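Both complexes below contain chain A, partnered by chain B and then by chain C.
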Partner chain A sequence: MYRYDEFDHQMVRARVDQFRDQVERRLSGELSEDAFKPLRLMNGVYLQLHAYMLRVAIPYGTLSSRQMRKLASIARDYDRGYGHFTTRQNIQYNWPALERMPDLLEELADVEMHAIQTSGNCIRNVTADHYAGAIADEIEDPRIISEIIRQWSTFHPEFSFLPRKFKIAVTGHANDRAAIRFHDIGIVVRKNAAGEVGYEVHVGGGLGRTPFIAKKIAEFVPAQKLLAYLEAIMRVYNRLGRRDNAYKARIKILVHEIGAEEMQARVETEFARIDGKGNYDLPVGELERIRAYFRDPDFLELPSDSETLSQALAQDPDFAAWFKNNVVAHKKSGYGIVNISLKPIGGIPGDASDRQMDTIADIAQAYSFDEIRVTHEQNLVLPHVKLDDLATVYAGLKEADLATANIGKISDQIACPGLDYCNLANARSIPIAQDISNRFAELQRQNDIGELRIKISGCINACGHHHVGHIGILGVDKKGTEFYQITLGGAPDENAAIGDITGPAFTADKIVDAVENIVDTYLELRHSDERFIDTYRRLGMPPFKERLYQDV
Partner chain B sequence: MSKLYFNKGQLAEDIWVQVADDAPLQNDTPSIISLSRFKEQAASLAERTGPLGVRIDAGSKQGEDVEEIADRLDQLDLIAIDFPAFRNGRGYSTARILREHLGFSGELRAMGEVLIDQLIFMHRCGFSSYEIDTEQNKSLDSNHFTDAFARFPDAYQPAGDDNRGILWHRGQS
Partner chain C sequence: MAQHSAKGAQFQVITANRLHDGEVVYLDASGAWVADLKDALIAEGAEALEQLIAQATAEPCATGVLDIYPFEVIKDAVGQPIPASVRETIRAAGPTVRADLGKQTELR
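Coming up: the complex of A and B.
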C-alpha cells in the first residue's frame, strides 16, 4: 500500500488548518452559507436533506486495518454508529456536526486520509479494480498509476474549477470491474510488444440523464507520457466544455457534440504542444518509487489444495454456500479473494456499523496482509486470504452479520441513498432495494437465478447506476407519487451496454412484482446455465415486455 | 465597486484604465480594450506608443479564444482575463496557454469574480496580478494576500510557475 511521505502529510494538514479557519468564520457568521458553500464543497461537505454530510476519499478503494478502525471510531464518535460505502469506493457519514468537521478531518489525517476533492467541479477520487494485485492475469496493478493520478490531480491549479465534476477509473485487467467505460476518463493498463507498460485511454463515458459509453481515443500512451496526455484532455475540456447548462457540462456531452474523432484530434494537438517541451515526462525514479509500494505482500508458497478448507466445506453447508458465492480465485496458489457482502437481506446496501468495521479491520490484520478494498458495488474485499484460514475468517464475519452469501446475486444490489437522505432525489431507493431483497431472500432461489445485477437510482442523476444494471430501476416523481421505471440489459463491464426501457413505470407497491415477473420470464426462457444478461442479449426486450404488461 | 489591486507581491495603485469599445483611446494612458476591438484595430494600434492591454472575456459561450491574437501578442503589455464567476475556471487554461505555449511575458491579470482562496492556483497558472472586489470582504488587507500565497507553499504537479511539483522533485533525488 502507498504510505504518505512528509510532503503528503504536510499537504493534508495544511488543508485541514485552512478548513478549520473557514468553519470558524462560518460559525461566527463572518461567512454566509452562500460564501461558505464553495469552500465546504472542496472538503467533501454537502448539505443534505437533514444535515451536513461528509464524504471521505478512499483512493482506488484501498484501506489498511488502521484506516478502517479510524473509519469505525469516526462513525462512533461523530456519527450515529455507522457509515455508508458508496459506488465510488468512498465512505459517507450522514450526521456529523459542522463544528466538529475540522476535528474529524484531523483524525483522518492521522491515518493518511482526507476528504479532498470528494465534491465540487474538480477531478474526483480516482477509482480502480477492487481485485487489483490479487487477481490472476493482471497486466499491472492499476493502483500504481491511480496513485500517480491521485497526486497529480490533487490541488491541480488549472483543473479545480472545471465545467463539472470529473471522474477517472483504471483497470489493469481485461475483465473490467471498475466500469471504466462509464467514466469521464477510463484507463486500461496495456503492455506493448516490447513488454513496456502503457495506457489505453477512453473518454466521455458517463451515466446521469444522458448516458454514454466512453470512446477510445488512444491505444497506447507510454507510462511516462500519461500525465501530459491527461493534461491535454483536461485542457481541451476546460476550454470547450459547456458552462451554460449544468446538465450539458460533462465531458461526455462535449465528446458527443464534436464527435470522438474531433476530440481525439484536439487532444493530440494539445498533447503535442505539451509534450514538445519535454518537461512533462514523469521521472522514472518516481514511477519506480510508487510502483514499489504496490509489490506483492510476502505470500507463502502453498499447495493449491487446502485440507482444512475441504474439511470445513464438507462439514458446514452454510460455509460452503458462502465460499461458492463470495470467494474468488487468487493469483497465488493457496490463497483466495474474499468478498464481504454489505447487502444483508432487508438491509441498506453499503451500510456498515462501527462494530462491523472494527471486526473487518481485525480480520484483515490477522488474515489478509492488513488490506481491505471497497468495491464500486458497495461491498468490501479481503484481497489475500489463505485458503487454510477461510473457515476462521468466515466464522468471524458471520458473528458480525457480515457473511451474507449473495455476491453477484439478485439481492446484491446497488442503491443510491435516494429520498431518505438526498435532496436531489425524486423517489426512495433504499426501501425498494430492501423489498426486493426480502422477496428473494431465500438463498437457494437466488443461486438458482444466478448472476443478476439490480441497480437502483432515486433520480435521473443515476448515482445508483441503473443504466448499467442487468435490471435497472429508476425512481421518478409524477405529480407527487413515486414511480419506478425499469431498464433491462445494461452492463458496466468490458461488454458495456446501456439498458433499454421496458415501458411505462410502476408504482412502489407494484415494482417488486414487476421484478419478479422479469425473473420468472427469464427462468422459463433461459438455456440451461445461461445468465440473465445472456438470455436478454439473445432474446431482446419482446418476451419480457409482453409478460410485464400483459395485465395492464 | 471598490477593488484592491495586488501586483508583484504587494498591494499597488492601478495605473491601467478600462476603455469601452465606443470610447476614444488616449495615446499615453495605459489602456485595456476588448479583444474584438484589438482584433479590429490591431494594425492601426501598432502606431500607438502608450501601454496597451486586452481584456479576454472568459464567460461568453465558449469563452474568447486568446489564440486568435497569437501573432500580435508582442503589441501587448497586459492581458486581463475576466472571470464571470469564480466557478468558471476556463481562464486558468487561457493563462497557461498564454505563458507556456504563446510565450506571453507581460502582466497577466485576473479580474472579475476572483476569490482570495483562488490566488495560489492563479499564480501557479501564470497570473501575475489580481483585482479583488472588496464589497464582499471589507476587512481584506495585504496580510490576506500574503497568507493566501503562503498557505500551500508546495504542490504535486508542474504548472505555469517555477515549481515543478513534488512528483518531479522526488524523481530527481
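Coming up: the complex of A and C.
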C-alpha cells in the first residue's frame, strides 16, 4: 500500500490547520455562510437534511486495517455509530457536528486520510478496480497510476476551479469493474506489442441528468506521457467547458457537442504543445518508486486446492453458499478474493456499524495482509485470503452479520442515501432497496435468478447509478408523492449501456411488484443459464413492457 | 432561498439548520430557533410569510443558523403544523429507515 511521504503529511496537516481556523471564524460569525460554504465543501463537509455530512476520501478504495479502525472510532466518537460506503469508494458520516470537524479531520490525518477532493469543482478522488492486484489476468495494478494521478491532481492550481466536478476511474483488467466508461475520464491499462505498459483513454462519460458513454480518444498513451495527456484534456475542458449552466458544464456535454473526433484533435494539439517541452514526462524513477508500494504481499507458495476448505464446504452448506457467491478466484494459487456484502437482507445498502468496521479490520489484519477494499457497488473486499483461512474468515464475518451470500445477486443493490438523508433527493431510495431485498430474500430464489444488478437513485443526479442497472430505479417527485421510474438493460462494464425507460413510473407500493413482474418475465423467457442482461439484449423491451403494463 | 412550498401555500413555517451542529430548527413566535416543529410559528398568507422571512434572515435571528427557507404545512386538529411534503416530514423526524436516529427518538 502507498504510504505518505513527508510532503503528503505536511499538505494534509496544513489543510487541517487551515480548516480549523476557517471553522472558528465561521462559528464566531466572522465568516458568512456564503464565504464559508466553498471552503467547507473543499474539505468534504456538506449540509444534508438532518445534519452536516462528511465525505472522507478513500483513494482507489484501498484501506489498511489501521485506517478502517480509525473510521470505526470516528463513527463511534463523532457520529452515531455507523458510516455509509458510497459508489465512489468513499465513506460518509451523516451526523458530525461542524464544531468538531477539525478534530475529526486531524484524527483522519493521523492515519493518512482526509476529505480533500471529495467535493467541489476539482478533480475528485480517483477510483479503481476493487480487485486490483488480486485478480488474475490483470495487465497492471491500476492503483499505481491512480496514485500518480492522485498526486498530480491534488491541489493542482490550474484545475482548482473547473467548470464542474471531474471524476477519473482506472481499470487494469479487461473486465471493467470500475465503470470507467461512465467517468469524465476513464483509463484502461494496456500493454503494447513490445510489452510496455500504456493507457487507453476514454473521455466524456457520465450519469446524472444527461447520461453518456465515454468516447475512446487514445488507444495507447505511453506511461511517461500520461500526465501530459491528462493535462491536455483538462486544459481543453477548462477552456471550453461551459460555466454558464451547471447542467451543461460537465465534460460529457462538451464532448457530445463538439464530437469525439474534434475533442481528440484538440487534445492532441494541446498534448503536442505540452509534450514538446518535455517537462511533463513522468520520471521513470518516480513511476518505479510508486510501483514498489503496490507490489504483491509476501504470498506463500500453496497448492491450488485446500483440504481445510474442502472439508468446511462439505460440512456447512451456508458456508458453501457464501463461498460460491462471495469468493472470487485469486491470481495466486491457494488464495481467494473475499467479498463482504454490506447488503444484509432488508438492510441499508453500504452502511456499516463501528463494530462491524472493527471486525473487518481485525480479520483483514489477521487474514488478508492488512488490506481492505471498498467497491463502487458499496461492498467491501478482503483481497488476499488463503483458501485455508476462508472458513475462519467466514465465521468471523458471520458473527458480525457480514456474511450475506448475495454478491452480484438481486439483493446486492446499489442505493443512494435518497430522501432519508440527502438535500438533493426527490424520493427515498433505501426503503425501496429494503423492500426489494425482503421480497427476494430467499437465497435459493436469488441464485436461480442469477446475476442481476439493481441500482436505485433518489434523484436525477444518479449517485445510485440507476442508468447502468440491469434494472434501474429512479425516484421522482410528482406533486409531493414519491414515484419510481424503471429502466432496463443498463450496464456499467466493458459492454457499457444506458438503460431504457420502461414507461410510466410506479408508486412506492407498486414498485416491488413491478420489479418482480420483470424478473418473472425474464425467468419465463430466458434460455438456460442466460443472465437477465443477456435476455434483455436478445429480446429488447417489448416483452417486458407488455407484461409490466398489461393491467394498467 | 430554497423553494419547498407550493405556489399559493396558505400556511408556512420557516426552517434552517443550526450552524454548530447542523440540527434542524424552526422559527418560533419569539424569534428563537427551536428543535421541535410543534413549537414553530405558522405564517398564514403571503404577507405574513414575507415579514417572517425578513425577520428570520436579519440579525440577530440569522446568526447561528444556515440555509433558511420556508416550507408549506397544514394544521392538524389542534392547530399544530404538519409538513406538507415527504421531505419536510423526514427533516422533522429523522431518517425513515433508522427509527433510532434523529428527532423521532426524542420528540414523541
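Quick note on the criterion: the second predicted complex is superposed on the first by the 552 of 552 C-alpha atoms of A that agree within 3 Å, B and C clash if a C-alpha of one lies under 4 Å from a C-alpha of the other, contacts with A are read in each partner's own complex, and residues count from 1 in each chain.
One rule holds for everything that comes next: a residue touches a chain if its C-beta (ideal position, glycine included) is under 8 Å from a C-beta of that chain, and two chains touch if they have at least 3 such contacts.
Given the structure is predicted, the values throughout are model-derived calculations rather than measurements.
Contacts of A:97 after superposition on the shared chain: chain C is touched, whereas chain B is not. Contact with neither chain B nor chain C is seen for A:69 once the two complexes are overlaid on the shared chain. Chain A is touched at more residues by one of its partners, and among chain B and chain C that partner is B. Applying the stated contact rule after C-alpha superposition, one finds that A:376 touches neither chain B nor chain C.
Touch criterion met: A:49 reaches chain C, while chain B stays clear of it.
In the superposition on chain A, contact is made by A:279 with chain B only, not with chain C. Of the two partner chains, chain B is the only one touched by A:38; chain C is not.
Once the two complexes are overlaid on the shared chain, A:482 sits against chain C while remaining clear of chain B. Applying the stated contact rule after C-alpha superposition, one finds that A:161 touches chain B and leaves chain C untouched. Once the two complexes are laid over each other on the shared chain, residue contacts for A:348 go to chain C alone; chain B is not touched. Comparing which residues of chain A touch chain B with which touch chain C, the overlap is empty.
Listed in rising order, the residues of chain C touching chain A in the complex are 6, 17, 19-24, 63, 66-67, 84-87, 90-91, 94-98, 101-102. Within the complex formed with chain B, the chain A residues making contact are 5, 7, 10-11, 14, 17-18, 35, 38-39, 121, 148, 151-162, 227, 235, 238-240, 242-244, 273, 277, 279-280, 282-287, 289. If you check the complex, the residues on chain A that touch chain C are 26-27, 29, 33, 47-52, 80, 95, 97-99, 348, 419-421, 425, 427-428, 430-431, 434, 477, 480-482. Those residues of chain B that touch chain A in the shared complex are 61-63, 86-90, 92-94, 96-97, 100-101, 115, 117-118, 120-125, 136, 151-152, 154-160, 164, 166-168, 170-173.
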